[in-house]
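Each structure below appears as C-alpha cells.
Heads up, the next two complexes both have subunit A, just with different partners, subunit B and then subunit C.
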Partner chain A sequence: MLLKNTYNEFIKIVSKPRSYLGFGALTLLISIIIFAMKADGESIVSFVTASFEQTLSFNGKLVNGNLIAFIILQMLVVHIPLLVALVTGDLISGEAAMGTIRMLASKPISRTQIVLSKFIAGAIYTLLITIWLGVLSLLVSHWVFGSGDLIVLNSDGLVILPEADILWRFGLGFCVAYLALMTVATLSICLSAFAENSIGPIVATMAIIIVFTIIGTLDVTVFDTIKPYLFTTHMASWRSFFEDPIPYDDIIQSIIVLIVHIVVLIAITLYKFNKKDITS
Partner chain B sequence: MQTEQVIQVKQLAKKFGNFEAVKDVSFTVNKGDVFGFLGPNGAGKSTTIRCLLSLITPNAGSIELFGKSLAQDRSAILKNVGSIIEKPDFYKYLSAQKNLEIFARISGADVSAKEIAEMLDFVGLGNRAKHKVKGFSHGMKQRLGIAQTLLHKPELIILDEPTTGLDPQGIIEIRNLILRLKNEQNKTILLSSHQLSEIELIANRMVIINQGRSIVEGEVGNLLQSEETVVSIEVDDITKAMNSLSQHFAAASIQQITNKQLEIEVRKQDIPALSKCLVEAGVGIEALEPKRKLEDYFIKTIQS
Partner chain C sequence: MKNTLLLSFLFLAFGSFSQTAQSVLDKINKKYAEIKDYTVDAKVTADIPMIKILPSNVKIYFKQKDKFKIESKGIVILPKQGFTELNNFLANKSKYTAVFGDSLVIRTVQTRLINIIPNESNGEIILAKIWVDQENMVIMRSQITTQTNGTVKIDYTYGDQLKKGLPSVMKFEIDVKKFKMPKSVASDINKSSKDPKKEKEKKRTKGTITITLSNYKVNTGLSDAVFKEKKK
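Let's look at the complex of A and B:
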C-alpha cells in the first residue's frame, strides 16, 4: 500500500502545474546568470582577483564552467528552498484545502503510510530539482565556458583546485545540498500537517528559514549556543567540499544535524497526522 | 434466522474542546438495509459518520463494522466500505479516470482499467473519462463520487448528504442509483440526508438523532404507521368546510391556512371519510393532499 500510494503521490505532484515552476525558475535564473557571466564575467573575476595580483600571477582561463557552476550553486541554494517548499508544503494541507483528505483518510491505508508516501514523493521531487540544478549548472556552463581549474575565495583566502580534482567535489557537494533541501522539504511537510490551507506552510517554512538564517548570522553571544543546532547553519556545508583540505569532521557534523532534523520532523508529522481529527 | 449486523454503534461520544458534538449515539444497521440517518443541522450526524470512517476518533463508545472493532481492524474493515462524506472532492487537475485510478490503488482491491471504464459508464460519465474534474458540475462530481464509492465493490456504502446541491433530475438519478444498489447488488447503505422525502421513499430502517443523542430507531414503516397525517385541503367554501369537519372530526386539530385552504390532522384511514364528509356538506374540493408523513414525524420527534 505504501508503494501504491507513493506512486499516487508522485502522479499528483507531476500533474500539478506548480511543480514545474521550480524547474522553470531554475532554468530561467541559470540562463540569466550564464548570460551575465558570458557578457561580463571576465571583469567580475578580475575585480575579485585584483587584490591577489601583486603576489600571484593567474594563467589560463579563470572564467570557466567549473567557476560558473560554483557561482550558480552559491547564488541559488538560498532560493531553491522556496521552490521546494512550494510543492512539499502543499502535500498534506493541499488535500485538506481541496477536501480530498476525507476520501484519502477513509481508505484502508494507514495514516502513517499516507505521511510516509508523501514524504517519499517529496524526497523524489527534491532529488529531481537538485539533479536539474546540477545538470543545468554543470553541463550548460561547461558547454558554454569550457572546463578549467577552479578558484574559490573563502574566509581563509584563495583556494585553487585543479580541473581533474573538481567533479567529485561537485558530486558530494550536491549530495549534502540535497540533504539540506530535504530538511526544508520535511519541515514544510510537517507544517503542512498542522494547516488546512496551501499557502500557510509555504510561507511559514520560508519565515523559519529567514529567522534561523538571521540568528545564524548575528554576532551575538546569546545565540552562539543554539547556532550549531539550527539546520540553516548547515545548509551551506556543501561548500566545504571546495576547501583544501576538506573539513570532513565539520561536514559529518552538518550531515548528522540535518538527518536529526529530518527524523524529528517526520516523527512530529506522524504524531500530528495520526492524532488529527479530519473535520474539513 | 439471525440478522447479520453490519454496523453497531454503542454510546458514541465525541467532544471538540468543550463542545460535545456527539453525546450518546447508538444504532444498528443490518445487512441489506437502506438505513436513514436523520437529524437536524448540528445534531451530530456528520461527526458520527466521520467516526464510522475513522476520520475522527471518538472519546467514548464503540463502533463495530462487520462484527469487528473499527479501532482494532481499521484497514480490513475499510476495504469493505465505500463512502461519500458531504460533497465528493477530487483532484481537479486530474481527469475523472485518473482520479478513480488514484482511489482504486488504495482501495485494497485490484481494480482493472476495464472496471474503471465500466464504472464511469455506470454513473453516466463514460464520455467524460478523460476530462479534467475542474470542469465538472456538482452533479457530475456527485456521480463520480458514487463511482469512487463503488469501485472496489464494498458491502457497505455510507452516503452523507449525497443529494445536496443537486437539481431535481440529479436527485432522482441518485435515488434510482441507490435503489439499484440495494435491489440488484444487495448493498447495505447508510444514508444521511436532509431530503426526508428521499429517506421515506428508499429507507427501510432509520435512526433520528438530535443534540448529539439518538432518539428513535426502527423500521420506517412501523415508526410511521401509528402516526396521524396532516392533510392539506383546498375548498370553494372555507366556512362551510370548517364547520362540517369540526362536527364530524371533533377531536382532530383543524387549522385554517388561507381563505381557501385548511389543514387537518387525521389518521390515514380517515381520509376517505374526510372527503365524504365534505362532499355531503356540499363543499367543493379543489385539492386534497396528505403531507409527507416522515416530515411530520421528524418534526414532532425533534420537538418532543
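Let's look at the complex of A and C:
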C-alpha cells in the first residue's frame, strides 16, 4: 500500500506545472552560466589566480568542463533548495488547502504511511532534480568546454586536481549535495504538516535557510557552539570532496548531522500529521 | 734566472687576475649563443604556500632569442620569470655593469659571485646576482630582483648537458605574497580553518618550484611554427 500510495503521490507531483519550474529554471540558469563562461571565462578565472600571477604563471587549459561544472554546482546549490521547497512544501499543505486531505485519510492506509509516501515521492523528485543538475552541469560543460584539470578555490587557497581524479569526486559530491537537498525537502514537508496553505511552508523553509546561513557566515564566537548543529553549515560539505587531502571525518560528521535532521524532521511530521485535525 | 722568475710570476699574476667579471659573462654568453634551439621533457614539482598541485610532466620548447613554449596536458604552475630573461639580459653588454663578488661553495662546486648592476634605472631588472662555476663556465645560482615580480632565486644542477650549459634541475625559490581569499569569493562561507598547520602554511611567503629536465634535443632546427600555436 505504501508503494502504491508513493506512486500516486509522485503522479500528483508530476501533474503539477510547478514541478517543472525547477527543471526549467535549472536548464535556463545553467545555459546562461555556460554562455557567460564561454564568452568571458578566462577573465573570471584570472580573477581567482590574480593573487599569484605576479610571480607565477598558470599554464594549461584552466577553463574546462570540470571547472564549469564545479562553478555551476557552487552557484546553484544556494538556489536549488528553493526549487525543491517549491514542490515539497506543498505536499501536505496543498492537500489541506484543496480539502483532499480528508479523502486521502479515508483510504485504507495509515497516516504514517501517507506521510512516508509523500516523503519518498519528495525524495524521488529531489533525486531527479539532482540528476538533472548533474547531467546538465557535467555533460553539457564537458561537451562545450572539453575536459581538463580542475582548479578549485577555497578559503585555504588553491587546489589543482588532475583530470583523472575528478569524476568520482563529483559523484560523491552529488550524493552529499542530494542529502543536503533532502534535508531541505524534509524540512519543507515538516513545515507543510503545520500549515494549511502552500506559500507558508515554502517561504518559511527559505527563511530558515537564509537565517541559518547568515548565522553560519558570521565570525562571531557566540554562534560557534550552535554552528556545527545547523544543517546549513553542512549543506556545502560536498565541496570537501574537492580538497586535498579529503577531510573524511568532517564529511562523515556532516552526513550524520544531515541524516539526524532528516530523521528528526520526519518524526516531527509523523507526530504532527497523526495528531492533525482534518475534520475542520 | 731572477728575470725569468720575475717574468713567470708576473705572467701568472696577470693571468689569474686578467679574467674580469665581464669576460666570464662573455664566455657564458658564447656558450649560450651556441644553442640555437632545444626541446626538453620536464617534471615540474611545486611547493607553494596555499597551492596544492601534483607534479606534472611538460615539454619545453626554446628557440633563440626568446621564443619559449610550454606544452602540458594539464594545468602546470611555473615561475613567471627565470627561463630566458637572465640570458637575454646578459647578452646585451651595454645594459649592465658586472662586478666580481665573494666566492662561495655551492654543492661542492667552487663558485664566484658576479653582481650585475643595470645601467638604466627604469629597466625591469633591479639587480641580478649570479654565482658562476668558472671551471665549466656555467651559472650555478642566480638571484634576480625585478621591479614587478619580486626576487627569484634559482639553483642550477647540471648533468649530461654540462658542456652545453643546459641544466638538469632548476630549483626556483619564489616570493609569494600572503594570499587570503574572501569567503564570498571562495564560496566556502561556512568553513573557517583553525587548523594550526594550515595557519602556518598561510604565513609562509616563500615557495619552491623544482623543474627536472631530461631528454634534451639541442639544435634540431626547431620551426617557428611550433611557437605560433595558440597558447592553451
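Throughout what follows, the second predicted complex is superposed on the first by the 277 of 280 C-alpha atoms of A that agree within 3 Å, B and C clash if a C-alpha of one lies under 4 Å from a C-alpha of the other, contacts with A are read in each partner's own complex, and residues count from 1 in each chain.
What we mean here is this: contacts are C-beta pairs under 8 Å (C-beta built on N, C-alpha and C of every residue); 3 or more make two chains touch, one makes a residue touch a chain.
None of these values were measured; they are calculated from a predicted model.
After overlaying the two complexes on the shared chain, residue contacts for A:T100 are found with subunit B alone; subunit C is out of touch. Which of subunit B and subunit C touches more residues of subunit A is settled by the count: it is C.
By the touch criterion defined above, A:P108 reaches subunit B but does not reach subunit C.
When the shared chain is aligned, no partner comes close enough to touch A:F10: not subunit B, not subunit C.
By the touch criterion defined above, A:T217 lies against subunit C but remains apart from subunit B after alignment on the C-alpha atoms of chain A.
In the superposition on chain A, contact is made by A:I160 with subunit C only, not with subunit B.
Contacts of A:T233 after superposition: subunit C is touched, whereas subunit B is not reached.
By the document's definition of touching, neither partner reaches A:F194: not subunit B, not subunit C. Those residues of subunit B that touch subunit A in the shared complex are 16, 50, 53-57, 74-79, 81, 83, 85-94, 98, 102-103, 105-108, 148.
Residues 48-54, 56, 58, 70, 72-80, 148-150, 152, 174-177, 179, 181, 183, 185-193, 198, 201-202, 231-232 of subunit C touch subunit A in their complex. Contact residues on subunit A toward subunit B in their complex (touch as defined above): 1, 4-5, 7-8, 11-12, 15-17, 98-100, 102-110, 275, 277-279. Residues 48, 51-62, 74, 148-149, 151, 153-160, 162-163, 213, 216-217, 219, 227, 232-236, 239, 244 of subunit A are the ones that touch subunit C when the two sit in their complex.
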